[in-house]
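Here chain A shows up in two complexes: once beside chain B, once beside chain C.
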Partner chain A sequence: MNLKDVLSPLYVWKRAFEKPYTIRTEKEPRPGADRYRGFHQNDTEKCIGCGSCAEICQNESIDMIPVSETKDGDSGLRPRIDYGRCCWCALCVDICPSSSLTMSNAYTWIEEGLDKDTRETFCFTPGVDEKPWDNDEKGYRRPDGYDLSLLERVEMEELSPAERVTSFIEMVKGFSKEQAKREADRCIECGICTATCPGHMDIPGYIRAIREDDIEKGIEILYKTNPLPGVCGRICTRRCEDVCSLSLRGEAVSIRWLKRYLTDSAEAGKYRDLLHDEVVSSGKKVAIVGTGPGGLSAAYYLLRMGHEVEIFEQNEAAGGMLRYGIPEYRLPYGSLDNDINFIIELGAKLHLNTKVGKDISFDKLYKEFDAIFTSVGLTDSYKIGIEGEELPGVTTGLTVLKAVTMGQDPKLGDHIVVIGGGNVAMDAARTARHLGVDVTVVYRRRLEDMPADSDEIKEAIEENVEFITQGIPLKIEEGANGKLNFIWGKAEMVDNGSGKRPSPVLIEGSREVMEVTKVIAAIGQGANYGWLEGETTKQVKLGKRNIEADRWGKTDDPKIYVGGDMFNKTADAISAIADGHRSARAIDSYLAGEEYPKDRF
Partner chain B sequence: MKTIYEDLNKRFTMSGYKQQRDDLAFVTVDKDQLVNAITYLKDYHKFTHLAFVTAVDWLEENEFQITYLLHNYELKVDLGLKVRLDRDNPTMDTIHHLWKQARVYQRELHEMFGIDFPGSPGVNDPMILESWEGPPPMRRDFDTKKYSEETYDHRERQHIEPEDHLRKQLYPED
Partner chain C sequence: MIDKYPKIVDGKSVYDLDSQKYLKMWQGPQHPGVTGNMSLELIISGDQVVACNTHVGYLHRGFEKLMERRRYINCFPIVCRICVPEPDTNEYLFAAATEELLGITVPEKAQWLRTLDLELSRLASFLMWIGGQSGSFGSGTVAQWAIANRDFVLDLFEELSGARIYHMYMIPGGVRGNLPEGWIEHTEKVLNNTEKLLDEIYIVLFNNAVFKSRAVGMGVITPEMIDQYGIVGPNARASGAARDIRKDNPYLVYDHLDFKIETETAGDTYARTLVRWKEMHQSISLIRQILKLMPKLGPIYTKLPNVLHMKVPAGETYVKAESTRGEYGYYIVADGTEFPRKITVRGPSYSHGMALLEDLVVGGNIADTHGLMLSLHTYPPEIER
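Let's turn to the complex of A and B:
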C-alpha cells in the first residue's frame, strides 16, 4: 500500500466546499422560457365549453366535464386535461375559439403520495382546480396574426339599396358553389348551434355535406328536422349564428345562407327521391288548423309517420305569416311554394278559404278526426291606445303587408308613419319604401332596444327609412286635404335598476306634429280565440297570453295540440317548425296508445 | 459531381440521377451492385465518410428504400445512394465491413422497419424497443392507436359531447 492509496478517498472531500451540480427543482425552480408550452390555464368565464380543444387533441387527452351551469351558447362543460397523455403540442390553444385556453410556462408539478389515484394527480381542469400557475403572465398564447380558424365570412352579394327599392326582387343573391364551399370550410363542427336551434337542425352535418358537395345528403339532413328549409334559408332568426363559436373572435358562419344554398341547388321535383324510408299507413286522421310554419311542419311529420292529414286555412293560399307577413324581397313566393308544394304532394289534403269556427265547426273536426293540431298564430294587431286611432287613415302593418301580397294597392299616399320597432314594423316600412313612399318609423325606445332583426334595421336605414326613436305617439287628428296630423312627444329613458331595461317617459310639454297620409300601427299582435268554440273545447284552458299546454303542445284534452306563435314565447318560424315536429311526435305516440315519445329528436 | 456520376454509370446500373444542390446529389443503384458501388466510391473517389443510413416505406409500391449518404472531405460534396427492396422480403447486404458504425444503423433499421442485414453483428438485438411484441413501428401500416389500445391499460375517458349536454340541459324533453 502506498501513500496515494491512503489519501485518495480524502480527495473526494475537496468537492465538499464546491457548489453542487444537483438542481433542486422543488426549492429552486428553473423557470421555463417566456413562451414555453407548460401547464394549461383556462379563463373559465370566457370559455364556452364548445369542446374544440377536445376534438383537435391528437392524444384524446382532453375530456369535457360538467362544471358550471348550462346557458345559451355555453355548454357548461370545461376541458379536463390528462397530463399522462398530453404532448404539449398546443393545438388546443391554437384552435380555441374563445381564446380562453392558454399555456403557462410552468412545467413542474410535484405531488405527494404514490397511493393516490392517477386521476387525481395526472388530470386536472385548468381554471377550476386551482394551481400556482393560474395567473402566470408568461407562457404560450396564440401568436397574433396566426389562426387555425377562418374568421371572416365569404361576402354575400346583395342588391344595392338604390336598386332594391325599385322592385320586390329578392335582395340577397345567394352563394355560388365555390362561395358556399369556402364558407362551409369555416365551420369547426362544435355543435353549439345544433343545441341552441329550437328545431335542433344538424347544422354541422349539412355544412359538411356542402363541403363534400353532396347536395342530396344535405337536403336529407335538412328534412330530418325542418320541412321548410327553403324558407328558413332566407328568413330564419338564426339563433345558431348568435351562438356560433367563431363569432367570439370573428364572424359567425353564414349558416342561414348555406342552408339556402342547399335548397337552391337541389331540384324541387327530386326531393321525394331523397326520402328513403317507407311510410306505413296508420289509418288515423289528424286535422291541422292553420298553414303557417307550425301547421306545415306538423303536417309533414305526421304524413311521414303514416297518418292521414287534412289542413284548414282561412286564406286563399297556404303559408300563414310566411306568405302574408313577410315581404317578397325577403322570401320570394316561389321559394315558399316549393316547400309547401312538396308537403302537399306527399298527400296532405289542403282546404283553402275554410275558416274553422265559421265554415266548419271545431266540434265537427273533433268528431271526425283522431287528433287536432292548431297553430293559427297571433292575428289581432294591438291597438296603439291613443285618440284618433279609429280614423280611416289609420291601419296596421299586417293589413298593409297582406294587401301587397294579394296584389292590391294599399293606397299609402306619399308619406306614412309606422309605429313600432319589431320585424312587422320594419317589413311594413320597407315595403312602403319599395312602393316609393316616404316612411318615418316612430319607436318608444332607443335604436339598440328594437326587437327587430339587426339586419332589417340596417337595411331599412340603407333604404332611407327615417327613424324617430324615443318618440311616443300622443294623438292622431284629421288634417288638411284628407291627410292626418300625427302628434307625438319626445321621451327620455329612465333607468329601472340593474337587470331591467330602461323605460321611456314622456318629457313634459314635448309635442311635435307630423303631417302624414297614413298611420301604420305595428306594435305587436295578440291571439284571437273566437274560432275555438263548441262542446269539445271545454277542456282547453286559455292562459294569459296563449293556450295552456305542456312542452309537447298537448292541452288538457289529449286530442288537442297547439304550437307556433300562439304557444311558444319566441314567436319565430323555426320555433313554430320545432313545435310542429314535437307535437307531431306526441300525436303519433298518442295515436299509438303511448303517453309520450321515448326517443329524442 | 457529374463526372463522378458518369464514371460510376459506366461501371454500374444506375438510374434517376438528381443533382439537388451543387454539393449534393442522389442516384438509385441496383440492389445487387450497391455494395460494389459504395466500395468503389470509398476507395477510388474518396467518399470516406458514411453520414447516415436511413429507410423509407413506399407502402403503395410494396417497396422499402434505403438511402446511404456518403461524404467526400476533399471535394466537400455528398452523394446519396438509394436502393429499392421488395417489401415482402426485405433483406439487404451489410456494409459494416466498410464502416464499423454501419452496424448501428443496420440494427436500427432492422428494429424499426424489419429490414434484415444478414451477417451484421448484433443486428437482431433491440436498440430501444426492449420486449417489443408488435410489428416494426416505423412501417406505415403500423396502427399506433390500435397497438397502444391492445397493449396498454387506459384511464377511461369521462368525456361528454358538448352538443348533447347543451341540448339535454336546455331542452330536456326534445
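Let's turn to the complex of A and C:
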C-alpha cells in the first residue's frame, strides 16, 4: 500500500460537482421507448375476436369476453387482459391475425378504485374500457421482417388453361400428403370458420386430424355435419375461407382443398367401417323429394337416426344440381357417386325417374309416410325478357349443362353468347369452351359486380372466354345461315348511394350486333311449385321463390319440411346440406312426439 | 470439558454450539451481497468462519419443470427469467437449442444482432456486478455510479427490444426487430460514457487502499481447483486458465470478431475483479466491432412451423455459451410432441456459488463472505431453475 492508494479514492469528489443523474422534480413523465412493450391497445373495429392472443398467452392472462353480437367473421368476443398475470412478452401482438392488438409505450397506470375487487382493478378490455393510452401512436407493434403467422398458401397444382380446355378432366390436382400437412399447419384453430359455415363443420378439428395424419378421425369429423364431404371438398362456396382470420393479412387456409384431401385419402369402401354405430330402427318412414345436397343430407342423418328413408328423383341419376348443374371438370361424377353410394348403402331406397306430382302424387306421399322433406331446388330458368327469346337457337345454361352431363351433344355451333354473370353462366361458358366453342359472356354490370365465384371468373378468362361487361341484351334476330344476330347495348353504371349496388343504365342509342350460333341465358332460376299443389298442402305457404318455414325448415304443416335453395337465401350446396341436417333433427323430434330438438344447432 | 478441536463424525467436522466456542449464523436469504435470494449457514468462531453450508430454495420457481408443460413458444417468455441480471444468454441458448432440434438456420443479420444483444447484456451484467462488488467492500459510491450507468445500457435495450430487463428479443427463428433509428449513435454515446466510468472506477477502486487490503489474497482459486470444482469463466481466467467459449468453441459471429482472452494469474478477488473490468472494455470493443461489421440489410427471422402447435422432432441437444459467469448451457430433450420433454439449464453459479463458495469462505472473516460471494459472481436464480 502506498500514498497513492490512500489518495486516489478521493477522486470520487470530482463527481460531486457534476449534474446529478436523478431528476428531482418530475415535470414531464419520461416517455417509454418507441418500441416499449407497455399497456395493451386494441382496435376493436379491426379485431375479429379470434382468440389467438388468448391461445398463445403462456400466463393465461387473456380471457375472451363477449362485447358485441356474433357476426360472420367476428366472434363478438374481445380480449380482456389480466395485468396480475401478464408478463408483457407481446406474443399476443405478434400472433394477432388482424394486427388490431398493439401495445402503447405508456407504463404508468394510476386509477382510483382500490376498494374494488383486485381482479377488477387489474383487468381491462383494451379498446372497450377507455384508458389514457388508447390513442398513443408509439409502442410495440409487430416488427418488420418478423411474423409468427404463416400467411402464404401451399400452392395447389392445376392443369394449365391450354390443357384444361381439351377435356373434362378435373383441373385441380389435389394436395399430396406432405402439401396437405404443410397447409394444415397454417391453421390457428380460431374457429371463426366454424361459426360462419352454414353447416357449422368442425373445420379446425379435421384440419388437426390432417396435421396428425389421422385420416379416419378426419372423415369421422366430416360426417358429423356433412355427409357429402367429397362434393364440398371440390365445389363448396367456402364462406369459411372468406372469414379465415389468416385472410386478413395473408391468404386463407385452403379449407376446401384440405377437405378434399381427406376424402381422397380415405378408401371409399371403408366409410362404413369408420362410421360404424348401431342404429335402432324407429319404424317410421320419411319421404324425401329431390336428391340434391339437401335431400341427400337429410336422408343420411335420418338413416343414422333409425328412420326408414325413401328418396324420389325425377332424373335418371341422383345428385340434383350437383350432377346436372356442375361440370365434370369441377366435380367429377366419380366423387359425387362415392358420396351418394355411401348414403344409399346405408339403406335409403332410391326411386329414380320418379317425378312427384306426375309419377306419384304428393297426396299419396303424405298419406304413406310419417314425414316429408322436400328439397327440389330452383329449376325454372328466368326469362331474359327481350324480343326474339322464343327463337329455337335460344336456350338456358342449365339445359346445356344437363345435356353435357347426360352425354348428349348440346349442338352449340362455333360461337355462342352467354348472358349472365353467376356461377351457372360461368359453368355454361366454360363447358362450351371445353367443347371447343368460342364464347362471349355478356353481363349487365362490371366484372367486380359478378356474383360468380372469383376463381371461376379468373379461370374463365384464362380459358379465353371473352367478357363484355356493362352490356345489356336488347334483341335477338334470325340471321343468315341459321345463325342468330344478338343485339346489345352499352350501359353506364349509375351510383345508388353508399352500400347499394350501382345499376346499369343503357346509353341512349348504343346498339351493337354480334353474329352467334346460339344464345344461352343464365340469369338465375326460380321455383316451380306446381307439383306441390294438392289437397294436403293447403297449410304450406308458398312464396314467390321460397317456401315459408321456421328455422328448422318446418312448414305450417308439421309433417312437411323444406330445405335447400327453395328455403334458404344463400342457395349453395353447403347451405342445403345444413338444411338437410337441421330438418332431419327436427323430423326426428317430431316423430318422437316432441316439438323441437332440445339442444341448439 | 471442551475439546480444543471439533470432533469428526463420518468424515465431517461437528461443531459443538453449546461449547460457546462456536456460533451458528445465517447470512441471507436477504442481504446486499446476493443478487437473488440464497443464504449461507455459517459456523463462526470469533469473527472467523470455520464452516459454511449454502442454502438455496427461496426462489422456488421450478422453471425447468414448468417448461415441460409449456409449448416451445411459451417457454420463450419464461427462459429469460432464469437469470434476472443477464437474461439474454438464456434467450439465446433456448432459441439456439430449439432451432437445432428443428433443423432451422437463422439469417446472418439475426446472428449479428444476437451477438450484439449478448455483448450488451454482458456489459449490463458486469456493471451490476461491479456495483455489488464495490458495495460489498463499503464503496457505495462506485456502486451507485455503476448501477446508474447500467440503467443507461438498459435504455438501449428498451429501444432495441421494447423492455429493460426481460428483453425477450431472441426468439427461436431469429430476433424480434432490427436496430431502431438513431440507436447506433445513442449506443456510441453510452459506450463512451461507460469507458469513462470504467477509467474512473479503476482510479477509485483498484487503487483504493481498503479494497486492495481486503481483496488481494482473498478467496484464492488455485489452478488445480479449476477442474476439481468445475470453475469456468472469469473465475477460472483470473487463475490463469485461458478458457472462453467465445474463442474455444465460437458460436454466432464471434469468429468474425477480434478479441483475446483476458487472464490474470493471482486467482484472488482482486484478480477476478480486474479480469471482469478488462472484459467490460472487451465487450465495449466487441459492440463497436459488431456495429461496424454487421450487414445493413437482410432478413432477421426464419419462419418456424405454426408456433401454436409446433412439434419438435425427437432428439436431444446441449448448446453452450459464455455468460458473464462462464459456461452457460441448455440441454433440451424433445420427444416429438408440442412440449419439451426436459429442459435442463446449466448455470455456472451452481458450482461457483455452492461447492466452491462453501470451501472458499472457510478461514475468512464474516465481513468478507459476501464480498467473496460477489467475487465469484453468483446469481442464485440460475442455481434454482
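Just so we're on the same page, the second predicted complex is superposed on the first by the 567 of 601 C-alpha atoms of A that agree within 3 Å, B and C clash if a C-alpha of one lies under 4 Å from a C-alpha of the other, contacts with A are read in each partner's own complex, and residues count from 1 in each chain.
Please note the rule applied: contacts are C-beta pairs under 8 Å (C-beta built on N, C-alpha and C of every residue); 3 or more make two chains touch, one makes a residue touch a chain.
From a predicted model like this one, the values you see are computed outputs, not experimental measurements.
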Does the superposition put A:Thr70 against chain B (first), chain C (second), both, or neither?
first
Quick check for you: in the superposed arrangement, does A:Lys598 touch first (chain B), second (chain C), both or neither?
neither
Just checking: does A:Lys538 make contact with chain B only, chain C only, both, or neither of them? Give me first, second, both or neither.
neither
Check whether A:Val6 is in contact with chain B, with chain C, with both or with neither, and answer first, second, both or neither.
second
After the superposition on A, what does A:Arg24 contact: first (chain B), second (chain C), both or neither?
neither
In the superposed arrangement, which partner chain does A:Lys500 touch: chain B (first), chain C (second), both, or neither?
neither
Touched partner set for A:Gly145, first chain B, second chain C, both or neither
second
Output the chain A positions appearing in both contact lists, the one against chain B and the one against chain C.
none
Touching chain C in the complex: which residues of chain A?
1, 4-6, 8-9, 11-12, 14-15, 21, 32-37, 52, 55-56, 58-59, 87-91, 94-95, 103, 140, 143-148, 150, 185-189, 208, 211
Residues of chain C defined as touching chain A within the complex:
70-71, 73-78, 139, 141-142, 145, 148, 155, 158-163, 166, 168, 171, 174-178, 180, 200, 203-204, 207-210, 212-213, 299-301, 303-309
Residues of chain A touching chain B in the complex
49-51, 54, 60, 62-66, 70, 72, 74-77, 80, 82, 84, 118-119, 122-123, 190-192, 194-196, 198, 200, 551-552, 578, 582, 600-601
Parts of chain B lying in touch with chain A, wherever the complex brings them together
155, 157-167, 169-171, 173-174
